[in-house]
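Report on one structure; see the data block that follows.
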Amino acid sequence: MIIVMSKNATKQEIENVEKKLIELGFKTHPIIGEVKTVIGAIGDKRILNTVNITTMPGVESLVPIMKPFKLAGRELKHDPTIVDIGPARIGSNEIAVIAGPCAIESEESFIETAVKVKEAGACILRGGAFKPRSSPYSFQGLEEEGLKIMAKAREKTGLKIVTEVVDTRDVELVASYADIIQIGARNMQNFRLLHEVGLTSKPILLKRGLAATIEEWLMAAEYIMAAGNDKIILCERGIRTYETSTRNTVDISAIPVVKELSHLPIIVDPSHAAGNWKYVGALSKAAVAAGADGLIIEVHIDPPNALSDGPQSLRPPKFKQLMEELEPVAKAVGRDILKIA
Amino acid sequence: MIIVMSKNATKQEIENVEKKLIELGFKTHPIIGEVKTVIGAIGDKRILNTVNITTMPGVESLVPIMKPFKLAGRELKHDPTIVDIGPARIGSNEIAVIAGPCAIESEESFIETAVKVKEAGACILRGGAFKPRSSPYSFQGLEEEGLKIMAKAREKTGLKIVTEVVDTRDVELVASYADIIQIGARNMQNFRLLHEVGLTSKPILLKRGLAATIEEWLMAAEYIMAAGNDKIILCERGIRTYETSTRNTVDISAIPVVKELSHLPIIVDPSHAAGNWKYVGALSKAAVAAGADGLIIEVHIDPPNALSDGPQSLRPPKFKQLMEELEPVAKAVGRDILKIA
Amino acid sequence: MIIVMSKNATKQEIENVEKKLIELGFKTHPIIGEVKTVIGAIGDKRILNTVNITTMPGVESLVPIMKPFKLAGRELKHDPTIVDIGPARIGSNEIAVIAGPCAIESEESFIETAVKVKEAGACILRGGAFKPRSSPYSFQGLEEEGLKIMAKAREKTGLKIVTEVVDTRDVELVASYADIIQIGARNMQNFRLLHEVGLTSKPILLKRGLAATIEEWLMAAEYIMAAGNDKIILCERGIRTYETSTRNTVDISAIPVVKELSHLPIIVDPSHAAGNWKYVGALSKAAVAAGADGLIIEVHIDPPNALSDGPQSLRPPKFKQLMEELEPVAKAVGRDILKIA
Amino acid sequence: MIIVMSKNATKQEIENVEKKLIELGFKTHPIIGEVKTVIGAIGDKRILNTVNITTMPGVESLVPIMKPFKLAGRELKHDPTIVDIGPARIGSNEIAVIAGPCAIESEESFIETAVKVKEAGACILRGGAFKPRSSPYSFQGLEEEGLKIMAKAREKTGLKIVTEVVDTRDVELVASYADIIQIGARNMQNFRLLHEVGLTSKPILLKRGLAATIEEWLMAAEYIMAAGNDKIILCERGIRTYETSTRNTVDISAIPVVKELSHLPIIVDPSHAAGNWKYVGALSKAAVAAGADGLIIEVHIDPPNALSDGPQSLRPPKFKQLMEELEPVAKAVGRDILKIA
């Protein structure tokens, strides 16, 4: 940690800051520059609330040297984490494609979709039983009924299932059905929910918040890991920018940045990123080429009648075609598309 | 609602869209332009999932004409809402100043702060018992112990209290102590939590999300209102932008925009917006001049030792001075600073 | 164009708006809804300043139906534009890779770089003679001397050259040396400069502005085309967002969006987007996979001693390796990397 | 400057960086931490291209300690700059209100507007003769004819005039008519234009770029000052964010931030910030309350027929009323509205 003192800081103020740092357990190294003094403070005290030092008289700013995340970072664990979900593994050399509708609407349609996405080559099934919708008047999901339908689809197809939890009170219920628990973008900083899913033993699909920095996202992973669960799959789903031609702007650079900072696997959701099925193909290929460990794609058998997110859903034949097109892209970067029996 | 058909839409596609709209209960008015056809669809069907029409063949885009919020909007209720909290009223001609520390740290320091902010002229006391912190290693609040301290401070000073709830499981508990329940920025789209506080009878202080649009914010209010609680105070607290010289960028235009779209009162949190106590004075005056119904300001008796958000907290003497400076600004726009006995 | 009248608009106000629209040459189609009236206005009057209609009493908003660009759009010209530069062609099935240093620093180093990027497979040579730098104290480029060095490098290698112009007064000079004239991000809305390069017969590489929407970018192309020059290559180079782990956020979705809206070719600059050479490989592959028609990559023989943008420059061996890795990605999406003799 | 070495940096790599820093004229102070080594480098070498050090093996990042601007900063010149324009002075205790139409459309209408804004209390007259418009089909201004009309309006009213220059070739011409030369938001990083106006002796109104950071804006001022002209008035005009309810988001915090970092005066343009005349009043008052040294407001005698920016223009009676309302706000913060005879 570096403390930058302001140009006009007095000798006394500099000494007070040093004294405070020593009290907090740091070793200090002042460097007296031509205009300003800076104080190097040695000691990895990420858990201290050192930010308050900036309120001491004479302090201009504080520059952290260590990243605030430990468990999610590459510093303590260099080797990539592979999250194991039955036959599927995320983070290995094989790219996992998760697919399914935004919301579970009925047993019939969901199972039909499940069968079709499996045929097309998806290795995990997605579906929403608890839906966080921006309007209270929109369809909010079938709740436990939806979870039961998912379980039937799993039985029918052999595909493992991922579904979102939106309330701490439902974590136990969702964990009893799901193979992967999803934390949605709107709950990325719902710290109680992060803690609660951290107490389960299920893998967690952690979406990046609507306008979260990569550091905040990794700190959300840190919450889950600090509670004891290290089976985390990060999911880039587009960030909020001024550009309106897509619903969000997919931050494709997040893939190499996360790979550098963290050992956790990262997948991409091109459907929510774009908000438009027409762009899903191009973004899926870009994600694979940039090094993503997987994709999560919305597929619906009848988008105009979908109860949620119709505009961004692929129909099964388009999805099948995309799966075929992804194969050579994966191979071009030395990987494969994960296939399960 | 206006449906814009693409340049190449066929006659059949246009007819299919019209048919679908009629099925959904709309009256349709096609307008055949030189290049494109648009279809006007009459009927206020905000609760239908009409967005899926964009997935029908030949459709280019859909333009909503009505705002998606009803209860929070000015259309059904034109007169401004005044939220009544004991002696304080928010939304009236008198500007309410809420003050206190970010987190409750101890009974002694909190009561000392409470006494001082009351002396300086604050009319409501803030304090955090459940703290949503970006790091799992930071102080997370005293929880119920903190609520009890708040209650004591209320008894001592007569000031009503506002505090945040971060988990659906704590709503009942927090409601049993607080006079106003706060929904923090990170939970603005925690829809379950919105619904749950909507079931209480307590006024709700609803902070704008980190990167929420004004429309999304009003939809969050709509969630609370749809559950039966219309005592909502909106709180602008800065939005996320590319500018890093302040923690967030306070969106001062949100004040007149909200006043135009909604009947709900709006206050401003200059402390979280700026992230730096030096800017709190200028932003507070700007908010009052722009028409805000109140302010919520962080005050701490010893910022360098604060357990949360020290850098943006004012010391009591600075806060007292600010209160004195706000008085003429309020009068300059034809209002007063609310004072309670 | 659709004019939305406010809920309280009077009959007289609605009539006045209709009258005004008819005066401007539109045919009007009012649609009287349950709450609001909207007026459809037929007639492609993109050149009229119709936005002022929103200032008429009773008008709430105006919804354009037609895109504001004509020449740059797909509506008048559906077939993709291929820009021909000597042996290279941009916009064809073959992906063009442009490479070279940010700034031309000396004849020796530039020619050495030129030879190396050619060997590695680049088909066009980039280099800056006029540098727009954010500090007046930074190296501003060798100006005409730099152009002469570029010409020598072209002679030596056979590679065509692209270089930026930053001042209307230099357009003639730059056009006399360059094979492609670059308009940098900071000048994307320097409309006089756009007009001036539009008067030349040289292909124009038009970078997207720092925070430009896709629509504004296409309007910048429209400026050049309106002046008579339709040889435009669009270049996505990252947009400004709140995320700081990369210098800019490359908007990879811009590729399919531009392909849908415009017939112009689009290339990507992964070096300026990332601001960090480590991410250039991943972003280059993503761009090719997403459908880009080319790349422009910074290569420097000695990045630590570069006078501009060292941190984002690849050394020649890394660039060579990237060229080899791009080949299979191009093939995976049915294309090739353009090679010249 | 602080150089942060990566966790895995070798002893040799650390030594190489130190050696390089010493070569560049710095004194070095390595601090060996528990995990990483950082090197403090003393010496104010803002003009060196030290950023390239980040490309040396083992370097993780570089943290500048000094601000990159010298002339525009408070470090060398602490006292506030007051820009003197005939009877008006910007940066003093009196707040200057500049008003007039976006574009000069005709002599008659411009002079009528000039007379009216003077009567209402404006102290400087604005008007555009060269208009940077996002569409090539929009009205581009009357050019020199417009400048002549401005000069006549000055003669008639005694108001000094401010107008924009958009091309280096026009600087001399514009300087021969204008009392203040405006650099528009789109040209804030048109460095050649900055340099050129820096060579004149006229005060410069420097608008903040569409998505410029405060630091970039002060660096633009630095360009002008480095060319010899220190009469700069900064103008906040809203920044680009994701929020669409206003055209831009006025960054009101920029006022106290600029006051802290720089000695230059700062004014606010509420008209371009909001893009809607309805919000101009609230934003004007907020700007004055936050400490702005002036305002620049668009006034048009007939907004529905304005050739540019009608929607955000006030009619003269509204402007007069606003001037009356601003008076008590200015007094509330210990200032006055500047009045000229």
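By written order: A, B, C and D. Residues from 1 in each chain.
Basically, a contact is a pair of C-beta atoms (placed from the backbone, for glycine too) under 8 Å apart; a residue touches a chain by one contact, two chains touch by 3 or more.
Note that the structure is a prediction, hence the values are computed from the model and not measured.
Undergrad: If you check the contacts of chain B and chain C, which chains show up for both?
TA: Correct list: A, D.
Undergrad: Averaging each chain's C-alpha atoms to get its centre, pick out the one most distant from chain D.
TA: A
Undergrad: Take the average of all CA coordinates in chain A, do the same for chain B, and state the distance between these two points in whole angstrom.
TA: 26
Undergrad: I'd like the Å distance between the centres of chain B and chain D, where a centre is the mean of that chain's Cα atoms.
TA: The computed centroid separation for chain B versus chain D comes out at 31 Å.
Undergrad: Indicate the whole-number Å distance between the mean C-alpha point of chain A and the mean C-alpha point of chain D.
TA: 39
Undergrad: Going through chain D residue by residue, note those that touch at least 2 other chains and give them in order.
TA: Answer for chain D, listing residues that touch two or more other chains: 211, 240-242, 244.
Undergrad: Quick one: in the complex, what on chain A touches chain C?
TA: Its residues touching chain C are 211, 213-215, 239, 241-246, 249-257, 260-261, 273-274, 278-279, 281-283, 285-291, 325, 328-329, 331-333.
Undergrad: Please name which positions on chain B make contact with chain C in the complex.
TA: Within the complex, chain B contacts chain C at residues 2, 4, 7, 29, 31-36, 38, 40, 42-44, 63, 65-66, 75, 211, 240-242, 244.
Undergrad: Hey, which residues of chain B end up touching chain A in the complex?
TA: That would be residues 20, 46-47, 49, 51-56, 68, 132-140, 166-169, 186-187, 189-192, 195, 209-211, 216, 219, 222-223, 226-227, 240, 277, 303-308, 310-311, 313 of chain B.
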